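Quick one: this structure, given as structure tokens, is what I'll be asking you about.
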Amino acid sequence: MRRGLTISGINVLAILLMAFTFAVWPLSAPVMADSSQVIDDSTTPEILTDTLSELSSDSAVVSASDIMSDKPAQNDSVFRTDRLNALVLMILFSIVILVYTKWAREGKRLFIRKISGLDEVEEAVGRATEMGKPVLFIPGIQEIDEIETIAGISILGRVARMTASYDTPLLVPVRYPMVLAAGQEVVEQAYIEAGNPDSYNRDIVRYVAGEQFAFTATVNGMMMRERPATNIYMGAFFAESLLLAETGNAAGSIQIAGTAQPAQLPFFVAACDYTLMGEELYAASAYLSHEPLLLGGLKGQDWMKILLIILIVIGIILASFGFGDWYFSLFESM
Amino acid sequence: MKTTVPIIIAFLSGFVMILAFFVSPESVTFGNFELEPEVLSWVTIVGGFTLLLGVVSIVRVNYNAVKRRNDGWVYKLATLISVFAMAIPAVIPNGLSPLFGTGPGSIYDWLFNYLDAPMMSTMFAMLAFYIASAAFRAFRTRNTEATLLLVTAVLVMLWRIPMGEIMLKSIHESIPGLINTYIMNGANMAVQRGIIIGAALGAAAMSLRIMLGIERTYMGK
Amino acid sequence: MNLVDFLQIWIIAFFTLSLFSFLYKDNPFYKIAEHIFAGLSAGYYVGLIWHSVIIQQMIDPMLNNDKWWLVFPGLLGVLMFSRFSKRFSWISRMSLAFVMGNTAGIFLLSELHGKVLPQIQSTMMSLNPGQGFADFLLALVIVVGVLSTLIYFYFSKEHKGALGKAAKVGIWMIMISFGAHFGYTVMARISLLIGRVQFLIDDWCGSIIQLF
Amino acid sequence: MNLWLILAYVLLIAAGIFLLYKAFKSGDRRFIYLAVAFYVIFPVLITLHLPIEISPEVRQLYKAVESLPDSATVLLTFDYYPSTLAETEPMSRGALHHLFRKHCRIVTMTTVPLGGPSIAERVTRNLAEEYGKVYGIDFVNLGYKANYVAVLKGMGSSIETIYPTDNSGTPLSDIPIMKDIKSYSDMDFIYVVSDNGIVDYWMSIVNAQYDIRVGTGVTAVMAPRFYAYLQAGQMTGMLGGMKGAADYEMLVNQPGTATKGMTAQSLVHLFIILSVIAGNVVFIIEKKRKRQGAKV
């Protein structure tokens, strides 16, 4: 269903509405008169230039001196000129993300580097096959609406395809019914695609309900009983990360983890053989699934990162030579 | 209808916030009705109901387990009884008796302070044991990265305790200060900043997609 | 110490020890405590939402301040429960969309305005060696740390050549930061245990001593 | 120092090494659990008084509060779950000691549904009694409202719309202290004590958009992350974990549970460091042996 609406539909309408409001609102304010601040058009991809030019000619009509002056008294104008930098950033950001998402949907080839952890996953599944022992996969302990869980499920699809083609047993304990449904669907699909639907059974993905630590205790028991050769943790993990990784370590399994929870990453790094950190998890799932939303978002964010790096480097150079106060004030947020 | 209306609602409700960010509060006040805080208070009200959804789920799951006499149904029954023991006295107005309601001295308050809170603290206190045994068994200097991590961890653990601080100082007076400046406020700070910026971009992208109705995972799509 | 205090302390101690008994092995005491705990927490929400949301935020203002429009959020809230029906669960999307959209609207700006802008602004540090060695070194560590972390999480190019070297520095920096995280987390977990032991020793053992 | 005390601690260390050895031999982690229990229980019984060096970010927060004018208005939050009471409650108590002593007007609130309002009531009333402060005049508990992002944002334009009443249901218009506190602009400082991700939003939403200083007390799990906000000036001082709480207790001269806990904290840290080192020595020796075995 996600492909039902395209950017040309309701989204453009929404952007136009936004643009219109920001174009009309400040016009009613007496302060906005002179104009000089223009958004750099050269960095703008062509698709939404219309919207942008509409914005840059009407709403962003504040001189640079306005931005730098002390906080403009809020009562004077309806539009808060001290927040113009946020507006520019937001519009630029939106355009970049939307354009990349559109390109991703059109099937344009967008390059993402291979995440090295994914090779490790393949190797680890291979090892489990050699040893004739199962692979354990946990897609985190959060609901399906958490993007980390979604990323975990999409990596599960890939792992399931490997285990299906090697005929290696797979165990996937989950904590929520919704995750159960999604996981079963993905795994079944993988077994069909790998041409081994007979090996699929519904117990591969199993529901282990309960409180956080009750879930962990059950999974730990599973590890000690079934002695999986490979444990893969991909998704949102919290305090249980350490318990899982330690038990897996004690059971002698190869372990690969991925999470965006910064507080849990150190434990995975210390106790697992390979760890996907933070955004690497999303990148891995985008790489595998080629889901336009993930891919477009990732590429858009990459573009922004380069822009930010350039802005920072310019700032550092200016600061090192002792000038550039006007430049720093462009980034003032308070 | 089933998807378009929610998308329009999501857009408008987000758009109000963006609008309110850029304009002065007076320009979005209509008599008694201040647009921004009013919409936000609506959100907090709806958010409150969301919490109740979880309670209904718990009751349903446990009730079914008890009805079917599943494994360990006695425990589920204990959960059910606890839910009602906490909830029923709380919703009765405390005008009838100080035992009702949620104020000091009520059953609700007592159950929280003497059962729920200590148990919740204990659940997390157990992690101390796990972390110690994990440190002992799992943390190995298997490569450069893990070594770097462990060395920093040991330094920080020493630096954060009075005994360790004395030890570090006995090696050289300035070591605790150096850890604070170059590890915590230097390397650690810089990495956290990089992560914060990356995560902020990710969250903003997600928000944009939700507002524009491109991202519909939350609708179960 | 009166009898009520004494009993209260013993109840807390009983459940605390029941939960700790899990460390030895799983047992019925742990299970019953865990399930009671789950139930009480759920029950807590009911009392809380009933008073602080339904009565204080909706019913009172509607009756006393003529805020009749608060009927709408109430309705949206009730519609949430349509989730439990297969046929009508789509109705709950309206309420969810309202909340999600609003949060998204706040985040879209606050993440860019309140995080990205100030964070990049404060990274623009002077790398002029004239400012004294200590300051220069710190600024260098920070600048290298931020840029190499951003580069490590850049996915549009293979990590080869100069980019690869920067990413390598990035991963070392990240490991140092994770080490600090690790040390702090150990500290946190132990603190929580200390809290419980303080209760067991000071209050519970104290109450036993008072018996004699 | 007392000779018996030294002897006791030497015995304790010996016991720890013995248990570590047993754990190695048998591979049973319960020996480690036992050692940890020893190292926590013993110092709680017999506390050593160790000198505490105060961290700069704690001093920064203390100074920020200290420099507030008398009878300044401070928003103090109880954004934590009961699970982290051991770390966070001493912070709240330290903050309340400091603020009550300075005769600040205190508005408390919580964004944590499980326990937040009950903890806030218990802790504030307890200390208010000690300082003879009156509810409604010197302090007020706003209680809990759902969806914290909206709560934080909404209080920026109108507290009364988000919180029509205080925690116990009294309309805000009937509470004297709230007469001239309508939004963040009527407050001088925000003191956040929290154990979850909400702290980020106190910076990115409230500090950035409403230009009010925010100081925080956070659990140690979260503390390393916030150095980025401290350096950027978005956060004014921070208490990190039980050590931060102990530092603050020292500064306000009210040693409490956090200060007392520092001895146990020290011993367990040392034990963990010892076990990490021992584990790695064994690991390296085994690796060498394997390599030699391969050669033969």
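The chains carry the letters A, B, C and D, assigned in the order they are written, with residues numbered from 1 in each.
Heads up, the rule we're going with is that a contact is a pair of C-beta atoms (placed from the backbone, for glycine too) under 8 Å apart; a residue touches a chain by one contact, two chains touch by 3 or more.
Note that the structure is predicted; figures quoted are calculated from it, not measured.
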Given chain C and chain D, the chains that contact each of them: A, B
Relative to chain C, chain with the most remote C-alpha centre: A
Two chains joined by the most C-beta pairs in contact, as defined above: B-C
Interchain centroid distance [CA atoms averaged], chain B/chain D, Å: 16
Centre-of-Cα separation between chain C and chain A, whole angstrom: 20
Length of the line joining the C-alpha centres of chain A and chain D, rounded to whole Å: 31
Gap in Å, rounded to a whole number, between the CA centres of chain C and chain B: 3
Chain A, residues touching no fewer than two other chains: 83, 86, 90, 93, 213, 250, 262-263, 266-267, 269-270, 278-279, 305, 308, 333-334
Sequence positions of chain B contacting 2 or more other chains: 3, 7, 11, 15, 17-18, 21, 38, 40-41, 43-48, 50-51, 102, 112, 116, 118, 120-121, 123-131, 133, 135, 137, 139-140, 145-146, 149-150, 153-154, 157, 160-161, 184-185, 188-190, 192-193, 195-198, 200-201, 204, 206, 208, 211, 218, 220
Set of chain C residues in contact with two or more other chains: 22-23, 34, 37-38, 41, 44-45, 48-49, 51-53, 57, 99, 102-103, 106-109, 111-116, 118-121, 123, 142-143, 146-147, 150, 153, 174-175, 177-182, 184-187, 190, 192-193, 195-196
Residues of chain A that touch chain B when the two form their complex: 1-2, 4-5, 7, 10-11, 14-15, 17-18, 21-22, 25, 74-75, 77-80, 83, 86-87, 90, 93-94, 97-98, 101, 144-145, 147, 150, 178, 209, 213, 239, 242-243, 245-246, 249-250, 260, 262, 266-267, 269-271, 273, 278-279, 282, 293, 297, 300-301, 304-305, 308
In the complex, chain A residues that touch chain C: 83, 85-86, 89-90, 93, 111-115, 211, 213-214, 217, 262-263, 265-267, 269-270, 277-280, 283, 298-299, 302-303, 305-306, 308-309, 311-313, 315-316, 318-322, 324, 327-328, 331-334
Residues of chain D that touch chain C when the two form their complex: 30, 33, 36, 40-41, 44-45, 83-87, 113-115, 117, 143-147, 149-150, 153, 163-165, 167, 169, 171, 200-201, 203-205, 207-209, 219-221, 223-225, 228, 231-234, 240-243, 257, 260-261, 264-265, 268-269, 272
Residues on chain C engaged by chain B in the complex (per definition of touch): 8, 11-12, 15-16, 19-20, 22-23, 31-54, 57-58, 66-67, 69-70, 72-74, 76-78, 80-81, 83-84, 89-90, 93-109, 111-113, 115-116, 119-120, 123, 134, 137-138, 141-150, 152-153, 170-187, 189-190, 192-193, 195-196, 199
Contacting residues of chain B [partner chain A, same complex]: 3-4, 7-8, 11, 15, 18-19, 21-24, 26-27, 61, 123-124, 126-127, 130-131, 133-134, 137-140, 142, 145-146, 149-150, 153, 192, 195, 197-199, 201-202, 204-206, 208-209, 211-218, 220-221
